[in-house]
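Okay, so chain A shows up in both of these, paired with chain B first and chain C after.
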Partner chain A sequence: MAKVQFIKSADVKPWLAELAKEHRVFAPSYDGEALLFRPFDLEQEIILDRAATMPPKKTVFPQSEKLVDFTYSKDPENLSRVKIDARETLPEGSTVVFGSRPCDARGFTMFDRVYLSDKNTDIYYQARRKNTLFITLACRTIENTCFCNWVDSDPCDPTGSDVLAIPMNDGYLLESVSEQGEKLLNSKLLADGSSRKVEADKICQEIAGSINNTKDLSQAPAKLLAVFDNMQFWEEVSAKCLSCGACTYLCPSCYCFNITDETNGMKGKRLRSWDNCMSAQFTMEASGHNPRPTKAHRLKNRVGHKFSYYPTIHGGVISCCGCGRCIKSCPAGIDIREIVLKAIDFEPAAVEE
Partner chain B sequence: MTKNIYLPEMATIQEVIRETHNIMTFRVTLNNPEAMKNFSFKPGQVGQVSSFGTGEATFVINSPPTRMDYLQFSVMRTGEVTSKLHSLKAGDQIGVRAPLGNSFPYEDMKGKDIVFVGGGIGMAPLRTLLLFMLDNRADYGKITLLYGARSPVDMAYSYELQDWLDRDDLDTYLTIDAPYEGWQHKVGLIPNVLLDIAPSPGNSVAITCGPPIMIKFTLQALEKLGFKDEQIVTTLEKRMKCGVGICGRCNIGTSYVCMDGPVFTRAQLRQLPNEL
Partner chain C sequence: MKYQQELKDSIRKALPGLDVVIAWSAGYDPLHATPHFIRREEDIDRLEIGPFSVHNLATYLPGLRGKKVGIVVKGCDSRSVIELLQENLINREEVTIFGFPCTGVVDQTKIRKALGHTGKVDFCQIASQTVVIGLGGEEHKLRLSKVLADKCFSCQYPNALISDHFVGEKISPSVQTEGDDDLEAFEKMPMDERFAFWQKEMDRCIRCYACRNACPMCVCRDHCLAESRDPHWLSQEDSVRDKWMFQLIHAYHLAGRCTECGECQRACPMDIPLLLLKKKMNKEIKELFQYEAGVDPEATPPLLSFKMEEENINEREW
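Here is the complex of A and B:
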């Protein structure tokens, strides 16, 4: 049985301060214009009435992280030889993210199928994922870029979270989703919330009713493949794209990375860093050949991966959580929803009258 | 404990062979004797070879699993990592993450006639399978090898070609693009020479690797000779990073070349979206 607690708005910060004694705590606050998940600080105002500019992706998947540490040393038996010692560097400690949105937390479930598959386990991701708990806030204000309901989710979806917080007029109803989440709900600042459950359920129903009408995307995987070779289609939809990559960096479900080495004297490290499939470098081969030479090819892969290839591999699950960040932040005004719908509605010219 | 898929095994270069002006071959052993003893792989599988401080690049293991004194990688100089590797000498340390990827369907090839068509560095993956088959000679029918390069000095593995030519259980044809003094073998582009040799498609499998343009015309030649899509095997090269299906770099639609490849039949290639 899920544990149900209630917290008064005024007690949120003291509660986070309590949690911060045991965990690294992140909460959304302003950094200039950008609303970001930043280390919790009692002095800082926590902003919960709108979704953050960046999702909390880096809490589990840092923008750049060390995979291997290596050191060079002279071989004492043969000074012309360099010995190399390479060691893995695994992340430690636990993290609590407060105020993630359902789409943000659900984004990690897209990672999970790839990073923690039965074929391979990414132990760096695993270590962070296991030790990062999400207290996710249901969305009371829905923006016109939100479309989580198109991709099998909703503004109160607990998938991928450890605690779901439902905003009420005087505070938040906190419902545990995972066992680890339940342990977070033991503070004296919290009171039993079972009596307010009905009220919270009603709020969720109201929110669900206020979101834009859903669209049926079940044809998307097949239809996107059907327009694969239609470069005119892709050139049109990508015409304004600047290949800036903002859409990938801001996306809670974009998980591609690069691996690079850095050295400093007799030491070095191998890093993995977020990469961006909208850049020409992404698939550039050593020979100079590039299988995705234009932005049209690259946008095709980004949309295709999320709405066709990933669902085909992973039991129909679309790997976009509908957060709308790529739509809001694209300097060229490209809307991924429009591209998918256009592909679904696309009729080959041959059948036109 | 779960294996760290990104941590390379440390390895020592035992021998460096300069093959051509831009190809060098490295024979390496894993430093951990247990790891070396237990290392197993299938012909066609690749490895990520790293020079620490520069990075990793992908190469096929081109020594066969039947000869495990060392693992052999042939490196063509094309970029930063390969240039760095070219500067290494016997005794130097590198990292190896292997084996990765799928392998040639060598079990399905048992009892069949085999036609190898290799161009340039594309001979590397073929070498693994060829030596593996020669080491299991009774399992396979007639074996034909057509190996071509721009000129004699661009031919890797020159030191073993005479042995291949001399064997009577292997039909070896060598070709170069243009006449060259002292060259006693064929002259002409690989696809044309292939049409001259005209191996019978009957109970055969053709395996071809090489530069994209050569592959394109070799596939056409094989088709002309009557080889069906299921009888043609090739390898794809894509830029790879993780090598384990995670980093998202090497996909063609739903196929990840690092996991589902690098070996594909022509029939499988036709199923993939057109993005080579």
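Here is the complex of A and C:
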């Protein structure tokens, strides 16, 4: 049975201050003109009425993280013998993210299938993932770039969250989703919310009813494969792409990384940092050969991976959470929805007999 | 836009001799346009020019060398075309330039700032000096002058400086209503404050390099030092030091070449005020060499040439 609590709007910051005694707490606030998940600070205004510029991806998957510290040492008796001492550096402590959106939290479930699979476990990802809790805010406003309803989600979807907060006129109804989430709901600032549950459910229904342009993407995996070798199709849809990494880095479900050793003298560290498949170096092989030599090949990979290859190996789950940040922040105005629909609608020209 | 039909007609006539014409069409919502690649006759109908034609399409030209390309340019964009010609990065005979009198483009960040957020825009109407925006069922009126890009206030080249086809009547440059307030304020800051300013701004950089890729003059493309492993100029750390290092190298390589189109700043998803840095560099170039980038196709940018004695640089007797 989920725990249901209510918090008055004015008590949100004091509650976060309480949580910050035990966890690192992140909440959306402005840095310049960008709305980012930043360390909670009582002095800073928390902005909850609009989607953040960046998802809270960094909290679980940092832009750059140290995996290993290493030191070389030479044997004084035999200088050609070099020993390496390498130590993994695992992240510690727990984090609470407040104000993530259902799409943001659901994005990590796309990571989980890859980083926490039966075959492989990424210990760095695992350490952060299990110690990062999401208090997710259901969306009352559906933006022009939102399309979570196309990808089997909705503005009140609790998937991937630990607590779901439903915005009401005087505060938030907080419903626990996970056991860890339930433990966050013990503050004296919270009151029993069961009596407000009906009202909250009605709000969710209203929001769900306000989206009416759902598209059926069930054909996407097959249709994208059908245009795989049609380079003219991909050259046309990618013509305006600038090959930057904005779409990828702002994506809650893009999980590719790069590994670099940063060495200084006898010491060094191994870093894992975000990589993006729009970059020319992404699949550059040591020989100098690149199987994705043009931006058309690269954009095909981004769209194909999310809407075809990933769902094919992960039970039909589309690896896009529909947050729309790639559309909103693309400097060239590329709309991924348009590309997927174009592929679905694409009819090869009839071959004349 | 007044001359839209005329522009379409002009493109229709030229299209049979061209592989593609780059223009703009409507974007994902009424507040956005998007670059539009016209390849077929039917693509022409979707062309739209106006205050949302923000993108500098000259950025695409070096990547299309070897093709016959038509390009629609605002006055400021035409300066990038000129600069590319000066540096032999594009061939004049491969490019057909369509110009029109530009009355200014909007700055999306200013609109967002004025309205709080612009996630749910229903409609947008622009009438002479007013912008009316429908946002989540409410109507908001803004003065156009409040949301035009800064570069438009001091624009001295509203008509394309170079073109093969120019539609409409040329208009006269705006009487400068606003100076470079941000640059003046920045220059008044002591050095340590300036450094602190950039440290704060660069902190949120995500190293997506949209600034670099949107820049028409950033021509190393797939061979950028930012990602080179050998030599390994920049580390992959999420540090202001590395992010700032890239911006400085970028700015130095653009000194005397940058036409201040502002695409670096517009493209930045984090809204880092990158143009400020470029303006400062250009101001120094202007003072030292009396040179303005992208105005004269025959001129040589000062840092691409050499003089035994520079008039304004005291190299001896200090």
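To be clear about the criterion, the second predicted complex is superposed on the first by the 345 of 353 C-alpha atoms of A that agree within 3 Å, B and C clash if a C-alpha of one lies under 4 Å from a C-alpha of the other, contacts with A are read in each partner's own complex, and residues count from 1 in each chain.
Just so we're on the same page, contacts are C-beta pairs under 8 Å (C-beta built on N, C-alpha and C of every residue); 3 or more make two chains touch, one makes a residue touch a chain.
This structure is a prediction, so every number in the text was calculated from the model and none was measured.
S.K.: Could you tell me whether chain B and chain C fit or clash when both sit on chain A in the superposition?
M.R.: fit
S.K.: Using the superposition on chain A described above, determine whether A:Asn258 touches chain B (first), chain C (second), both, or neither.
M.R.: Touch status of A:Asn258: both partners.
S.K.: Counting only touches as set out at the top, which of chain B and chain C does A:Ala191 meet: first, second, both, neither?
M.R.: Touch partners of A:Ala191: none, neither chain B nor chain C.
S.K.: Taking the superposition as given, does A:Val82 touch the first partner, chain B, the second, chain C, both, or neither?
M.R.: In the superposition, A:Val82 contacts chain B only.
S.K.: Is A:Ala17 in contact with chain B, with chain C, with both, or with neither (first, second, both, neither)?
M.R.: It touches nothing on chain B or chain C.
S.K.: Just chain B (first), just chain C (second), both, or neither: which does A:Ser273 touch?
M.R.: second
S.K.: In the overlay, answer first, second, both or neither for which of chain B and chain C A:Lys119 touches.
M.R.: In the superposition, A:Lys119 contacts chain B only.
S.K.: Considering only touches as defined above, state whether A:Ser287 meets chain B (first), chain C (second), both or neither.
M.R.: First partner only.
S.K.: Contacts for A:Ala51 in the overlay, against chain B (first) and chain C (second): which applies, first, second, both or neither?
M.R.: Touch partner of A:Ala51: chain C, not chain B.
S.K.: Once both structures are aligned on chain A, how many angstrom separate the closest C-alpha atoms of chain B and chain C?
M.R.: Least C-alpha distance after superposition: 7 Å.
S.K.: So which positions on chain A get touched by both chain B and chain C?
M.R.: Overlap of chain B and chain C footprints on chain A: residues 258, 260, 262.
S.K.: In the complex of these two chains, what residues of chain B are touching chain A?
M.R.: Chain B reaches chain A through residues 2-8, 10, 50, 52-57, 78-79, 82, 91-93, 95, 212, 237-239, 241-242, 244-249, 251-254, 259, 273-276.
S.K.: Tell me, which parts of chain C touch chain A in their complex?
M.R.: Listed in rising order, the residues of chain C that touch chain A are 20, 27-29, 32-37, 39, 55, 59-60, 109, 112-113, 116-117, 119-121, 136, 201, 203-204, 206-210, 212-214, 221-222, 227, 229, 235-238, 263, 266-267, 269-273.
S.K.: Given the complex with chain C, which residues does chain A contribute to the contact?
M.R.: The contact residues of chain A facing chain C are 31-34, 36, 49-51, 53-54, 62-64, 141-146, 236, 239-240, 242-246, 248-250, 258, 260, 262, 271, 273-274, 276, 279-281, 327, 329, 331-335.
S.K.: What residues on chain A touch chain B, complex-wise?
M.R.: Residues in contact with chain B: 67-68, 70, 72, 78, 81-84, 86, 88, 114-115, 117, 119-124, 126, 225, 228-229, 255-263, 268, 270, 272, 275, 277, 282-287, 289, 291-292, 297, 301, 304-305, 308-309, 312-313.
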